[in-house]
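Pasting a structure here, questions to come.
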Amino acid sequence: MKRITILINCKDSKGIIASVTNFIHQQNGNIVYIDQHVDREDNMFFMRLECEFSKESFSLRVFKNVFSEVIGDRFEMTWRLHDSDLKPKMAVFVSKYEHCLYDILSRYSANELEVEIPLIISNHPDLEHIAKNFNIPYYCIKVTRETKNEAEEAQLKLLKEHNIDFIVLARYMQIISPKLIEEYPNQIINIHHSFLPAFPGAKPYHSAFKRGVKIIGATSHYVTEDLDEGPIIEQDITRISHTHSIKDFILKGRDLEKIVLSRALKLHTKRKVLVFKNKTVVFN
Amino acid sequence: MKRITILINCKDSKGIIASVTNFIHQQNGNIVYIDQHVDREDNMFFMRLECEFSKESFSLRVFKNVFSEVIGDRFEMTWRLHDSDLKPKMAVFVSKYEHCLYDILSRYSANELEVEIPLIISNHPDLEHIAKNFNIPYYCIKVTRETKNEAEEAQLKLLKEHNIDFIVLARYMQIISPKLIEEYPNQIINIHHSFLPAFPGAKPYHSAFKRGVKIIGATSHYVTEDLDEGPIIEQDITRISHTHSIKDFILKGRDLEKIVLSRALKLHTKRKVLVFKNKTVVFN
Amino acid sequence: MKRITILINCKDSKGIIASVTNFIHQQNGNIVYIDQHVDREDNMFFMRLECEFSKESFSLRVFKNVFSEVIGDRFEMTWRLHDSDLKPKMAVFVSKYEHCLYDILSRYSANELEVEIPLIISNHPDLEHIAKNFNIPYYCIKVTRETKNEAEEAQLKLLKEHNIDFIVLARYMQIISPKLIEEYPNQIINIHHSFLPAFPGAKPYHSAFKRGVKIIGATSHYVTEDLDEGPIIEQDITRISHTHSIKDFILKGRDLEKIVLSRALKLHTKRKVLVFKNKTVVFN
Amino acid sequence: MKRITILINCKDSKGIIASVTNFIHQQNGNIVYIDQHVDREDNMFFMRLECEFSKESFSLRVFKNVFSEVIGDRFEMTWRLHDSDLKPKMAVFVSKYEHCLYDILSRYSANELEVEIPLIISNHPDLEHIAKNFNIPYYCIKVTRETKNEAEEAQLKLLKEHNIDFIVLARYMQIISPKLIEEYPNQIINIHHSFLPAFPGAKPYHSAFKRGVKIIGATSHYVTEDLDEGPIIEQDITRISHTHSIKDFILKGRDLEKIVLSRALKLHTKRKVLVFKNKTVVFN
């Protein structure tokens, strides 16, 4: 069987669900999963379907065309359609912190993540040995104020050469430029080490310590031009107390960062996340 | 608009979703919510729909008949159909503990629960004053070994007289007889003060203390003939440590019991729970 | 036995613990509980002790004098000393929301809180019926822009008349004036319905909804002149998703508010909270 | 400075805290951390201290003798005394699952764990490549019903040769024999993939799935002769729903196992755990 995933959003109106499910049925497809959401504030409709078709008679190209004509245009939908068997290609950006990279790669090698990782890009040489252990090409592209533009060009070139679908910033300590964001809209996933919108920007654990909070968090979000303000995919927290130093915050935070980031990656790679108006609909 | 909720389970097969959604459409209904689940172990299909119909032309009786003929019989479904605007009638059973009763009634008076509460039944007179504060009839039916049968008859009579749809045991300290369970299958909701299946039966906090666990829990489940083994609706936990005494467990547990029970009540009253093979599908 | 609680903070130096414990011993006291903390950033020492003395020979007044001379002055301590058997007197301030008031009073009537509640003060008459049910005097003092000063005078008069030790703002919807704060430094406990420092000020659930967070929180803190910036006593969170409306946030948030506030009250009434530099040390 | 950690338990009586702190003071030590607990059920006293002494004049051997005579004997204490700077030597036992091993070794290489790991022992060759990446000797000792005794002798020999202080079973799939347990009492740490005492023994995720629980857990405990019934060090949980398959349980469980085990390891290596009557006192 050929399995496809359909993601839809459009203005809410009557009959969308029936029209779409009926259409799939007429195309000899079987719906194996359906989830839907209506945002009453914005009167928007969101849907995610997984459908199966007989491999012999199914053409993704043809299906897309017919879907567009019969359904997409009628409801003025924004829609995406994925071959569920195709693993997306993910680039990992890192700097000097190793914990998120180790976590991603050990999940990858245990077949826990449904992605391909063609390359790792870093602005430092420090973590190359880890990439080597896992047999993944590691490109060190230094970034200084003077070389920022060239570095970015080099990054983009590598991403294009490897047909990268999306990027994960695994504690990459550089601000991503508008150009790269524009090339990968809602396709760059960051992990921020605070419970956003509390403590955006640099050194959130230090700020959390100073404020005397009783809980710290981590947030995975899509990167937009506004620093740490992109659509949130996943968050989690852990309790702390007056007995914990900033160093303890950092250690406890690492575990949070790894788990929150890996959850966000799984949601993204399974195409369970829809973005609308700087918020996410997560069909989980 | 008339809104109805449809709950379905049947053997999984192709085309169920399309058939049902198509049927609703043909009846001039609009699907406002759809959620579905396939249990791959048992090859079972579960679905929950909320649909809206024009009030003028819609007859629930007629719709049920047509649905049964066209859809229900075809897929050999087990199905239930509720008028979403009709609040179910809930009886509250209590003994001497007041915290769950207070919690339910204060939520009820704040319109947080979509139920009617025609009566409270207890085997003790102790909590009558609370019932009075909230203006709800309180029936004290003593239960002793000798009077168990008569007490049960009296309870059943009251339940029938008030057209009770389901029962909540808000820390009711008597074992429910098979007869009552048979009259209200998957309609009696209990709160057990442990993280089931750990510590079933009496005095779970004492057992948890003795075992030295680091987390205690509460479990809300439907009552079946096997004590504390019915289908679980909701669970939650709280951390404890060596510094906590059994009395502390009980105090911390109270908050858990209240929250877990109220969540289960909300899920049940919104018809979001389906039971199959002693497990629940909770569409949330 | 007479039990007392001692709370200490001072610059860290060698021998404080030995000196204090030795002193208690020499006064024929028995230490039943000791907890201590050193803040390495600020080089500050914090300690909480519970000690028992024979009732016959013990005078709190004398003990205080000797402690001050022998220990307090030597280490330049800030210290407080409480008779553990004396329940503090708490005033409850409310407006129109009932959930926190219900929660506090039902815990109070179940002897869960070690306080006396001599009165409830409100700027609205709406919740008087609840106060009546629990037999607690309810004073309605309207607050308008013009009458703010007089209202405050009336509040202060009531608080003094009833020898109030501390105040809980159970969703009291007025800003507390500097004068009242000065009279009750670190003795006014507020519950804010967000995970501070995220979403301070008005309508935090609306802001959380707009930002698309995946977790909401509640924070109990001491009131200072800077709105929602006082020392945090306790926080907790609950997960939400795109399926939840603002109304759902508010409902789920209520449960958080009740639990977080009641935990903060318990910590405060058991004298487990020390404040230093806008942060709390919570000996739990 | 020389820092030592003292762990004490004995029958509760008056003056223990003052006597111990006074003693440390007389030995020219400075108490930098003190925590204590009284178990009212068993009338037992527990204490943990960290003290600093001038390096020149301090002899651990002498101190132990004097402490034993002056304090230990007087209160009939069970006590242990550790040089805080000496890292304990930990052996890792594994079978085929790699996630806990990866987690431990990546924390080890990031200096997060205050241990030395002289060797890894396995009953399978599968994970040797991971040991190699981290440059740690890997000994494969096959265990069959016939060779169980010899295998155990070989294990013990290796443990003795490397002066191993404690053992972590990082999903080691063999039952530990009484002999090994006797050699390492409360020094063998296991991770069990359920929320004990629910689902002890084999295949807990399968049992949890069958029971339809809404939360799964992991438990780290000391190994005793009763399978999965030893003193619990740490537990944690994660929410699951009807949408999760057994495979999902296993994947989500892995993250729990890693975190719970690493927390237990940290508590053990920092000598924060005291065992009494099959329960733990965890000074955290």
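Each chain gets a letter, A, B, C and D, in the order it is written, and its residues are counted from 1.
One rule holds in what follows: a contact is a pair of C-beta atoms (placed from the backbone, for glycine too) under 8 Å apart; a residue touches a chain by one contact, two chains touch by 3 or more.
Protein identities per chain, from UniProt: A, B, C, D = Formyltetrahydrofolate deformylase.
Keep in mind that what you see is a predicted model, and the values were worked out from it rather than measured.
Least step count on the touch graph, chain A to chain C: 1.
The copies chain B and chain C differ by a rotation of 180 degrees on their C-alpha atoms, rounded to the nearest 5. Taking the mean of C-alpha positions as each chain's centre, the chain lying farthest from the centre of chain D is B. Put simply, the C-alpha centre of chain A and that of chain B have 37 angstrom between them.
Spacing of chain B relative to chain D, judged by their CA centroids, is 42 angstrom.
The residues of chain D that reach two or more other chains are 243, 284, listed in rising order.
Considering their complex, residues 37, 39-41, 195-199, 211-215, 217, 231-237, 241-243, 245, 278-282, 284 of chain A touch chain C. For chain C in complex with chain D, the residues that touch the partner chain are 14-15, 17-19, 21-22, 24-25, 30-36, 38.
By the touch criterion stated above, chain A contacts chain D in their complex at residues 98-99, 102-103, 106, 110, 112, 133, 243, 251, 254-255, 259, 262, 284.
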